[in-house]
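Following are the structures in question.
You will see subunit A twice below: alongside subunit B first, and alongside subunit C after that.
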Partner chain A sequence: MLRLSELQESARIAVDSLRVNLLRSILTTAGIVVGVVLVVLMGWTIGGLNAVWEQTIAIIGKDMLYIDKWDWTGGRNWRQIDARKDISLDQAMQLKSRMESAEYVIPLARKWGGSVVKGNTSLMCSITGTTADYANTSAATTLDGRFFSPTEEQSASRVVVIGHGVYKSLYPEGNAVGNILKINGSPFRIIGVLQKQGFLFMDFIDNQVFIPMMAFRAVHGFFDRSFSVGLKCGSEAMLDIVRTEAIGHMRAIRNVPPDADDDFSINEMKAFDQQAKNIRIGIWVVGMGLTILAFIVGSIGIMNIMYVSVTERTKEIGIRKAIGARRSSILAQFLIESALLCMAGALIAFPIAQGIVAGARFLAVDVLEQEWASVISPLIPLDLLGIAVAVSVVVGLLAGLLPALRASRLDPVEALRYEQ
Partner chain B sequence: MSKAIIDIENLVKRYEMGDEEVYALRDVSLTIGSNEYLAIMGPSGSGKSTLMNMLGCLDTPTSGKYLFNGANVAEMDDDDLASIRNKEIGFVFQTFNLLPRATSLKNVELPLVYAGVSAEERTRRAMEALARVQLSDRVSHKPNELSGGQRQRVAIARAIVTAPSIILADEPTGNLDTKTGHDIMNLFSDLWKAGNTVILVTHEEDIAQHARRIIRLRDGRIESDTVNNNHA
Partner chain C sequence: MNILESILLAFDAVRSQKLRSGLTLLSIGIGVFGIISATSIMGALQQAVNGQLADLGENSLLIQRTPSINFGTNWAKMRRRKNITYQQAKEFRDKMTSTNLITISNTAPGYTIKAGQESSNPDVSLIGIDDLYFAVNAVSVSAGRPITESEVNTSRPVAIIGQDIVATLFPATDPLGQLITIKSQKFSVVGVLEPKGGVMGQSQDNRVLIPITVFNKYYTWEWDASVDVAVKAANSMMIPITVDEATGIMRSLRNVKPWEENNFELDTNDALTGQFSGFTTALLVVAWISGLGALVAAGIGIMNMMLVSVKERTREIGVRKALGARKRWIVQQFLIESITLCQLGGLTGMLGGIATSWGVTELLRSFNMPTITFVFPTGTVVFSVVICTVIGIGFGLYPAWRAANLDPIEALRYE
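Entry: the complex of A and B
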């Protein structure tokens, strides 16, 4: 067993050795620095994505179910789904009158490949007709103005609430409310602008405009159209209850035989979880690959410099052995030196990684004005620092093992005879 | 002669250099008792360095018996040897072999570090040893701030700090001028008079004359083993 006094001596020698060869030590740790920076950046990026994803889901609504002819996960047989009968407005209204567990039942009519025209500028976006109840969903939160009222809905007023993407494209200078947009030739007055909701592959959510259901019929018609029904459940805990009730009503309304599958889908935001997960896995795989590569290169550098250190100190090892240092003392001395070297690399890496993180966030939020990025932490999480230090120490111990073993096994007679 | 510290019988050390076998020691038998003052002499190639390495437990014999305080050194592993070197043997080298970046005090403390002595006790004993070599005023100097004679005295303090059974000095005056060498030899005589066992390894006749017993080696064998009555 190593005695405490020996360990202290080993640590003292190691620190001393690093201090004497400061520049050499710093240069040697370059690979480790890169590795630790990558680990930390990867962890931060994944953490940031999670935060943004959580935010997106929260805004669009964790407590929302959407009954639709189409299935969001896209996993099922496309032909089978295409063969489903459209959901009519009448069926949607029947469901609304029967549902008891949902807070709001909101019929939706969508034209995906629609467009809005501002003066001479035309913008592709989806047009959604809905009821005033939509105003009660978290997705209807406005940045400016308001959602349309029940009165406007019932009178089929030509008013429009535009998504954040449409707003940014057509009114980059702001002040959209009060302006007129033409939808299929009819003028609509902008009364509200929605807040930013989606990011990455969910961007399309912001590229849509909302108009009263009857105004939708006037401009795009209901012919050959399948309606969706949004169900606001009130809380995540209610999702299952509302889903079960909705399935029962929908099967009854659409006369689905008891032994047949549902001829509709119940969609929710969770459907997109898998895609978000895939992105995270992608970042993780690429990040880990780069990190491992950097650590391999880094540990070769460390091993090399440790061999140099052992050779340089052959005489010293001989002296120490002559006066009673055992193999384990010498081994510990060089392992500690190597581990400290890597830890120093980790310590150098932290401010660099923090700088990159702060810079990236500043760029996204303040320069590119991507407000959604503001939920991403500007600081490296502490547990990542702990992991990075632990990993670098392990790498140091592994890289230093062979040189330290060689030092510990030096023949004292030979070592004492060694002259530089 | 009092109780034997070192008891060597038919010691052989053979090196293999390629296909050739080289005998550094052939059949050496030797007993060294407590509080002896012994010089091992011989020209280069006589095997005296090899014998010193054996006596100092830095190396193990090819065959033969080596008892150190009754323990069989030939059968010991590396860590046992390290422990014997640490507790029982104090080395003094021709080139001093101090750690260049450590102060006198730290250098003298080093054997106690490997013996697991507490920091406080280490400092106390190292200060004591430095006082015995009259270097109390140089404790925080590093080797490059000391003269050759002072460095060798630090090395002697390091050798005696663990109160070893033997002090083993290999050409201790080889790198010193005559006057300083004389002072160092007086120090060894003082240590011997204080009860220590001192073994000198040298090729210089006038250095060997300080000892009370002189062993002469030639071609790996003991040529003569005499009591020195006209010591310096």
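Entry: the complex of A and C
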């Protein structure tokens, strides 16, 4: 068993040798620094992507359920789904009058492949007809202007609220509110612009416009159309209660026999979350796998320099052994040396990575919208520092192990005789 | 002392310190390996995907009688499939509700295009299209205009020609408004396609587009009167729904019994299109940053080892200097040693990277990507040779300079 005094002795010798070969120690540490900086930056980037994703989900509404003819997960049972009857507006309104647990019941009519025309330019986007209740969902938060009012909804006013993507494409210079867009030939006045909602592969969500339900009927008609119904539950805890109630009402409204499956789907944001999960795992594995290369190279550098260190100090080791130093004491000396190098690397890497992040975030503000940049943390989380230091120490110990073993196994007689 | 001698000396040094040199080589190798394998694999994937989807736009699906990508296809079965007629395709288009962007087209190869005295090679692809062709496919008109709906409905003799046709028939004149002749029918040129370049040696610009109604009248091949239907989903999330709907409608139109397989092909490349290139670009950026990071870390390691080497050989340097070696020679010797180390490591990494990416492409080919071919990453190989030299010089310079500036008297006295 290694005594404390011996351990202290080993540590002192380790620190001394680092100090004597200052340049060498600095360079070895620098190799580790490069690796740790890259890995930490990757960790931060992945964290940022996750935060942005969470934000997207939050804005679109974690507390929303959508009753649709189609299943968002796109199940392969197309025959069954295709055979489902359309959900009519009448059914949607019946559900609205029966639902008690949901805060709002919002019928939606969608035309996915629609287009809006501004002067000579036209833009493909989806057109959604809905009620004024939609204004109460988190997805209806406007950047400029407002959502349409109940009066406008009931009078089928030709007013339109445009998504952020439509806004950016048609009005890059700003000031959309008050302008006129043509939808299927009829003019609509823009009264609001929605805030940015989608990110990554969800950005199609910003590529839609909202008009009052009756105005939708006037331009696109209700013929051969399946409506969907948005249910705002108020909180995530209410999701299950609302879902159960909605399923019961919908089955009654659509006369589903007790032994038959639902002839509609209840969709929620989790469907997207599931799809995103695999992509996120893929990004994590590939990103970390690649950045860790530099870290491996850094630790190979440590191993190499430890071998040099052992060779150079063969005589010293011989003397220490000759006057009674134990193998464990020699082993500890070299392990401490390499662990210290690695730990120093991790500690130095952190402020550097933080500096890069500050710069990168500055750039991100330029590229992304302001509201998105604010989602990404400007600080590298401290737990990442803890992990980096811990991993570095372990890697340092592993990299130092072989050289240290070689040193501890030197035959003192041979070692004393060794000449460079 | 000449360079060859320096190189031999460098190899001697590598050989005498096997473990140390081996580790150093390994670290350089890892960096080069990362860069080479990532670039090569991504390149192969990208090329395979681009080849398959030369025209198909983002979020699109293609419905055809027979598959466009052939591997292990049962052709006897395919031949028995009935054509997708223009009438059927139009019915399909009218029934689809999840998207409006549906285009019907048909292609026939091997036409000769004439204009005045000039005539093209007899290998032009003639494509019958409708007005939504450009909205669905990743093809666009660079001059002139697309074909309009009314021109399709009234079978107007108008044509849009590819860049290769422009080059052979109208090298000096503006092609717009000119007349071209295809098998005795005259067409007026209303537009020119944006150049697309070649995919695997096959030019994508050697084509002429005419209204499909005209195409059906004069150019339909008896044995291949089946049209292609391209459907663009409203967005990436709508793809599953659009696929489901399209499959359902197509099956009912073609009277497929519930227990039977589809008698048509529906290819969707949702995950492999627009998102794919964004994904590969992001991955390449990460791979390059990591690879370069690893190379810098390896360079630092090399510098460290060179400093050790200089220290160990202080006496040798002292002797050489005492015997009249010039500073320049010493610098050269150590620089060449570090460059040699870097190149050897780079070579290892290159071999490993090329072998790995070759293995991965073969693996992908045997699974589900028959068109993937291994692309030798010439550019990246050249780049890694250059970067290894740069790193060898950059990180070897200081140790070499330090060796050259040793005081011979001090160096000789060194223990």
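Going forward, the second predicted complex is superposed on the first by the 389 of 420 C-alpha atoms of A that agree within 3 Å, B and C clash if a C-alpha of one lies under 4 Å from a C-alpha of the other, contacts with A are read in each partner's own complex, and residues count from 1 in each chain.
Everything below uses one rule, namely that a residue touches a chain if its C-beta (ideal position, glycine included) is under 8 Å from a C-beta of that chain, and two chains touch if they have at least 3 such contacts.
Model, not experiment: these values are computed from the prediction.
Enquirer: Quick check on the superposed pair: does A:272 touch subunit B, subunit C, both, or neither? Answer first, second, both or neither.
Expert: Only subunit C is touched by A:272; subunit B is not.
Enquirer: Considering only the touch criterion stated at the top, classify A:28 as touching first (subunit B), second (subunit C), both, or neither.
Expert: second
Enquirer: Who does A:204 touch here: subunit B (first), subunit C (second), both, or neither?
Expert: So A:204 only meets subunit C here.
Enquirer: As a test of reading the superposition: which chain, subunit B or subunit C, is in touch with more residues of subunit A?
Expert: More residues of subunit A are touched by C.
Enquirer: Classify the contacts of A:304 with the two partner chains as first (subunit B alone), second (subunit C alone), both, or neither.
Expert: It touches subunit C, and subunit B stays clear.
Enquirer: Examine A:358 and indicate which partner it touches, taking first as subunit B and second as subunit C; both and neither are also allowed.
Expert: neither
Enquirer: By the touch definition at the top of the document, which applies to A:285: first (subunit B), second (subunit C), both, or neither?
Expert: Neither: A:285 stays clear of subunit B and subunit C.
Enquirer: Okay, in this complex, where on subunit A does subunit B touch?
Expert: The touching residues are 3-6, 8-9, 16, 20, 315-316, 318-329, 411-413, 416.
Enquirer: List the residues on subunit C that touch subunit A in their complex, please.
Expert: Where subunit C meets subunit A, its residues are 19-20, 23-24, 26-27, 30-31, 33-34, 38, 97-101, 135, 232-241, 243-245, 247-249, 258, 275, 283, 286-287, 289-291, 293-294, 296-298, 300-301, 303-305, 307-308, 312.
Enquirer: Quick one: which bits of subunit A touch subunit C in the complex? Just the residue numbers, please.
Expert: So the residues of subunit A in touch with subunit C come to 23-24, 27-28, 30-32, 34-35, 37-38, 42, 70, 72-74, 76, 78-79, 81-82, 112-114, 124, 126, 201-202, 204, 207, 224-226, 272, 286-287, 290-291, 293-294, 296-298, 300-301, 303-305, 307-308, 420.
Enquirer: Which of the residues in subunit B come into contact with subunit A in the complex?
Expert: Residues in contact with subunit A: 53, 56, 58-59, 78-79, 82-83, 85-87, 91, 93, 97-99, 101, 110-119, 122, 158, 162.
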